[in-house]
Amino acid sequence: MRANRLREMWAAGRKANNCFLGIPSSISAETIAHQGWDSVTIDMQHAAVDDAMAYQMLVAVSTTDTVPTVRVPWNDPGVIMRVLDYGAYGVMCPTIDTAEDCARFVGAVRYAPAGYRSVGPFRASLYAGRDYLAKSNETVLAIAQIETKPGLENVEAIAQVPGLDMLYIGPSDLGLALGRGAMPDQTDPIVVDAIDRILAAAHKAGVRAGIYCASVDYSLAMMKKGFDLVTVANDRQLLAQGAALLAKMK
Amino acid sequence: MRANRLREMWAAGRKANNCFLGIPSSISAETIAHQGWDSVTIDMQHAAVDDAMAYQMLVAVSTTDTVPTVRVPWNDPGVIMRVLDYGAYGVMCPTIDTAEDCARFVGAVRYAPAGYRSVGPFRASLYAGRDYLAKSNETVLAIAQIETKPGLENVEAIAQVPGLDMLYIGPSDLGLALGRGAMPDQTDPIVVDAIDRILAAAHKAGVRAGIYCASVDYSLAMMKKGFDLVTVANDRQLLAQGAALLAKMK
Amino acid sequence: MRANRLREMWAAGRKANNCFLGIPSSISAETIAHQGWDSVTIDMQHAAVDDAMAYQMLVAVSTTDTVPTVRVPWNDPGVIMRVLDYGAYGVMCPTIDTAEDCARFVGAVRYAPAGYRSVGPFRASLYAGRDYLAKSNETVLAIAQIETKPGLENVEAIAQVPGLDMLYIGPSDLGLALGRGAMPDQTDPIVVDAIDRILAAAHKAGVRAGIYCASVDYSLAMMKKGFDLVTVANDRQLLAQGAALLAKMK
Amino acid sequence: MRANRLREMWAAGRKANNCFLGIPSSISAETIAHQGWDSVTIDMQHAAVDDAMAYQMLVAVSTTDTVPTVRVPWNDPGVIMRVLDYGAYGVMCPTIDTAEDCARFVGAVRYAPAGYRSVGPFRASLYAGRDYLAKSNETVLAIAQIETKPGLENVEAIAQVPGLDMLYIGPSDLGLALGRGAMPDQTDPIVVDAIDRILAAAHKAGVRAGIYCASVDYSLAMMKKGFDLVTVANDRQLLAQGAALLAKMK
Amino acid sequence: MRANRLREMWAAGRKANNCFLGIPSSISAETIAHQGWDSVTIDMQHAAVDDAMAYQMLVAVSTTDTVPTVRVPWNDPGVIMRVLDYGAYGVMCPTIDTAEDCARFVGAVRYAPAGYRSVGPFRASLYAGRDYLAKSNETVLAIAQIETKPGLENVEAIAQVPGLDMLYIGPSDLGLALGRGAMPDQTDPIVVDAIDRILAAAHKAGVRAGIYCASVDYSLAMMKKGFDLVTVANDRQLLAQGAALLAKMK
Amino acid sequence: MRANRLREMWAAGRKANNCFLGIPSSISAETIAHQGWDSVTIDMQHAAVDDAMAYQMLVAVSTTDTVPTVRVPWNDPGVIMRVLDYGAYGVMCPTIDTAEDCARFVGAVRYAPAGYRSVGPFRASLYAGRDYLAKSNETVLAIAQIETKPGLENVEAIAQVPGLDMLYIGPSDLGLALGRGAMPDQTDPIVVDAIDRILAAAHKAGVRAGIYCASVDYSLAMMKKGFDLVTVANDRQLLAQGAALLAKMK
């Protein structure tokens, strides 16, 4: 089975970067995957990326070595299993509030006896190889987003759910949940404390930690702080910022 | 009828900027149109933008004041008339080699007796208003691309085709046609001479001149040189450049 | 933030009309929105309108002042949050049976601390303005459908769920649930009693009331009876009736 | 091979009605086809109906006995042959100006030796039957639109092109071409004369005549005048008119 | 209402065959439906068939007498009700573990008072007839998949849920769940015992039994064993096997 | 630039096999490309494969070593240039009747000075490499179909058009054109003579020869006869034949 490069990088002690893909098109996905990112996350939650488009984008990313992951809109086994069948090598689930939420999510990512994922990896086995069924449980990543008050309160229990691979921080939601600003690149002490707590909980439980960032400096700081995967950019904002800058030119 | 802001700007002695849209998605088009560009050109020639996608992108741009234009894949009346019916306020046609080519193109943009465009502006009249049929001939723009050897040789005749509004330079094709490099932002004297000849032919015939650029400096220089519309960026390259830069960060 | 015209009309003591959109196309949506309706409801429940099509239709309606709302297929936070991110100014949820159902639904429509909607209004902030995050909780509408036996029995409790904006009656389901006919424009006393009870519950709780109708006379009667929003037509039936009439002509 | 009901009706001395389909959706096409129309024309010229959508609409109409025809955007053999392969039982081509235009069009509709249509009726043979190849030349309809000045001047020659089945009048374009209004249901004597000339030319050459109308009265008058096929309505206008009427109700 | 041919066949003591459709295209669905299958199952679980594609495929199958059924991705009332509105004559739900799961599923398939399906069969009534609402509860099929350990343990209770029509075995998941191989055409005694138990539970409860197979011999054996519906093939594997065989030819 | 494996195979004295792809889906294309075919031809002429779908299928095939080629619907520079920009490594053009037709076709495949292809290989350069512009003229294949009477009469002149790479025989059209049956695997002496003449013309002019077949035996015979590329199968017929066989099983 094709190895998961993120797991290889982490095993080698390296940090990984990540780009969110929210523009619903195959060509933007393939273009970005060709720039050398370690991983991309196709965003089905806060973007106009539906099921059919996520499929196309997964195929496009498959023409490169970049690891394709998907963020699903909600903790729904139907969609989680579908994107895995499509060949996603990781699934990120938003709004994990409890260990039960997390177990339900992780179970959808793993075949029995580790979970309850249904068998039928029709495209995943083209992308990954014919031994997909045997090795997928140890290859694909289950990534839980911590971004609510209950999620924060239960973070240690969530981190210990068997089969989970990463806690990932959504700083806008987390900030809002804590009565602070809904923004990335948080510096408010209350939010920073929460971030530190999540990072600690992840590493204590032996799982990875990731965080969404919106600037290079903050991204580098997060890597230094210990995050294993750092989202440095998202395609729509890259485009908006570049276009806004140039629109002034004349 | 909704006025064509490009015509208004030019009448007021102003230059217009332009962004090419080659990412086939509604959200990238709407996002860019919100950044304040004078005009956008939805590219059906060198992009995966098909008929149905061009339609969606035109609707998305319609939520702003940015002038929506379309570059068609070829000098084909069927597609030219369709994008006009969809509400394009300008059509750019590639590879105009002769005055006959140009007349065929312009005729497809104009209703009788000025041309042979067929009547049925089903969405254009929603976007522009109920008097579309009466005023469209003087509102929408017919833009001919000059980018081949015969196009250059016939440029003065092309410029004088009645009903044409602009000559637009594709510098990559023009450079290649002249045995020079296929690239934007040309500085090779032979290509620069050709650019100057096209600009002069346009203005002598009383039509506008436009050019595709790939950097801010070159864009500003072209405005200074006299071009009325300057393409400063295209969405795919904005995205690729931004993503390439950040992929290195870690 | 762009105001919600429905809220403005109601504040001014006016009734609003509404058209259901079940034809999955951008042009039918844009055409209808141009006819002067106060609001439209893009129907993802009983129509072939999927996620990608709802998005296109929302963009199309955005070119007018008509208020765009969406009926989701089910009480599922993933889809509710998505259509809000797409720019819907109201979400209607079918089959609300209990106050718990209603709280789950309303929570998905509101950001913390009022609810648990996740942050990422990528298109909504283009449509509504940059202050969307701050003002969306008081702008977008949460509309619960009452159309089952338990829904009717719990209607007073449902109406009092904080953050709810309207009770909306689906008369076909309600009629069937009460052992009467599954049809709009109900006159059966048992169903009329239920309608009156729902209307009273809404107004007593200080929220709006809406109802689906299928004729002009019944619509006007419902407005007179006190309904704040009345669905007068749906696009598919308009089309079918017009086409059926004319098919006989010869 | 499934018979062409239009040919059967005409052979029996009956007139046929017709509805234009310009809303790009399968459900509107299937709904209208169920109302009892003799034929529908899927409009790829003045509507947002692209190739993939025309295909879906043809399948939807195939669930009924209504005869499915398609108007192509232009006299382009590629698209003409494709919609025939998709199962269209008639093709209407706009803007036929000369007998040469007409021969090029008709040739694309007929297999050798009558024409140059390429063999590959992959869906047509599902819809029509396994003997499609043998009988299609005598079954499917080739319909030329007369709507320009040269078209009118050459109408007698056009009508006599072997293999042509019908002349069809586009009154808006015809009116504009003659310096009159661009509208259906023409009563201007100059346009009426032209209509009469086209009708006479068709019948003298032994082919059918058709016309686009926008009201019941005019449609009935045209049938009485001798037209064999009369377009009574188009879906978008049915919808717009119905929606405009009801939007006023409150 | 159009009868359900599967019910008719069973009433006549006949077995039915079935083909799974996982290639997301209208033409493959229509092609296969024309080959004489008793029924097809459009697979939204382990295939790239989304909501819009399932709709198109249902329309395509409607041009034949083959009974169209759909397997939904998960026990989600929203999608179950949608495919029924689209005209599916049967719904298969994966991973039914308990009688409660089954009741939730069956309830979504039946109108009140038998269930809680919402009224709005916009296309189903075109396909089936105007009396759809009255007769659909006794016509469309509710099919529960048994393929997990709890599903097996609870199979007798599941089979007795009122309104259920069939238990259907997913042998890959069932095998994996029982610690055996994840494969069709099971011969392992433990899995065969489970299959026998499910078959017995179905027939004892008076419902039908179905099973997914991957070879002709196994299919015939299952019919002989008593299964009422046997899936003999799926389109993607038919294609892959044929293509693999021929790729070697040279 | 990524080499064209077909050219490499021919240079090594080997024959290549080929599969036609007419099912409009990414997954069928990717599945077939994984079976080890030397090349595939995405068919935009006699299949419901439009521009957007051809794009997706090209991306899907790009995940393998199979050489992706496209048959366009007609000799139209717009679509020829588009599929090349999408990354096709060969273009097949139907119905080449004269050397002029052929020159127009080949010119659209080659950049100046060899032809008039416009510059903008936005995806081709992702697939092929950054030196695409410099090397594409000698890499991508221009394939002319000979399948009409004039095509046969002019075959020697057509074969000598500079830049052409292959003559490809469409036996159904060729048979029909010669007054014989419209079928593959021709054995009629008149058609066989024509096939031999085309093969000889190709090889005499130093270009390759290809032919469409429908059985293994005929394919092998054609390879033995000297054809360089032999189409052994098409996806739709593979599927139909497999499905027809199994539908009988019970």
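Each chain carries a letter (A, B, C, D, E and F) given by its place in the written order, and its residues are counted from 1.
The rule is simple: contacts are C-beta pairs under 8 Å (C-beta built on N, C-alpha and C of every residue); 3 or more make two chains touch, one makes a residue touch a chain.
Keep in mind that what you see is a predicted model, and the values were worked out from it rather than measured.
Enquirer: Which is the least count of steps on a path of touching chains running from subunit A to subunit D?
Expert: Contact-graph shortest path, subunit A to subunit D, evaluates to 2.
Enquirer: Could you name all chains that are in contact with subunit B and with subunit F at the same time?
Expert: Both subunit B and subunit F are touched by A, D, going by the contact rule given at the top.
Enquirer: With chain centres defined as mean CA positions, report which chain is farthest from subunit E.
Expert: Relative to subunit E, the chain with the farthest C-alpha centre is B.
Enquirer: Determine, using the mean of C-alpha atoms as each chain's centre, which chain is farthest from subunit F.
Expert: C
Enquirer: Over half of the residue-numbered contact pairs in common: that is the test. Which of C-D, B-C or D-F passes it against B-F?
Expert: The B-F interface is reproduced by D-F.
Enquirer: Suppose each chain is reduced to the average of its Cα coordinates; what separation in Å results between subunit D and subunit E?
Expert: Using C-alpha averages as centres, the distance is 41 Å.
Enquirer: Between subunit B and subunit E, what's the gap in Å when you average each chain's C-alpha atoms?
Expert: Using C-alpha averages as centres, the distance is 53 Å.
Enquirer: Give me the residues of subunit F that touch two or more other chains.
Expert: Subunit F, residues with two or more chain partners: 22, 24, 26-27, 31, 47-48, 50-52, 55, 76, 79, 122-123, 236.
Enquirer: Which word fits the touch map of the chains here: line, ring, star, complete or other?
Expert: The chain contacts form none of line, ring, star or complete graph.
Enquirer: Which of the chains are touching one another, listed as pairs?
Expert: A-B, A-C, A-E, A-F, B-C, B-D, B-F, C-D, C-E, D-E, D-F, E-F
Enquirer: Which of the residues in subunit F end up touching subunit E in this complex?
Expert: Contacts found on subunit F: 15-17, 19, 22-28, 31-32, 35-37, 47-48, 216, 219-220, 223, 230, 232-233, 235-236, 238-244, 246-250.
Enquirer: Write out the stretch or stretches of subunit C touching subunit E in their complex.
Expert: 22, 24, 45-48, 50-53, 72-74, 76, 79, 94-95, 147-149, 170, 172-173, 176-177, 179, 182, 236
Enquirer: Can you name the residues of subunit A that touch subunit E in the complex?
Expert: 50-52, 55, 76-79, 81-82, 85-86, 111-113, 116, 118-123, 133
Enquirer: List the residues on subunit E that touch subunit D in their complex, please.
Expert: 26-27, 30-31, 34, 55-56, 59-60, 62-63, 122-123, 126-127
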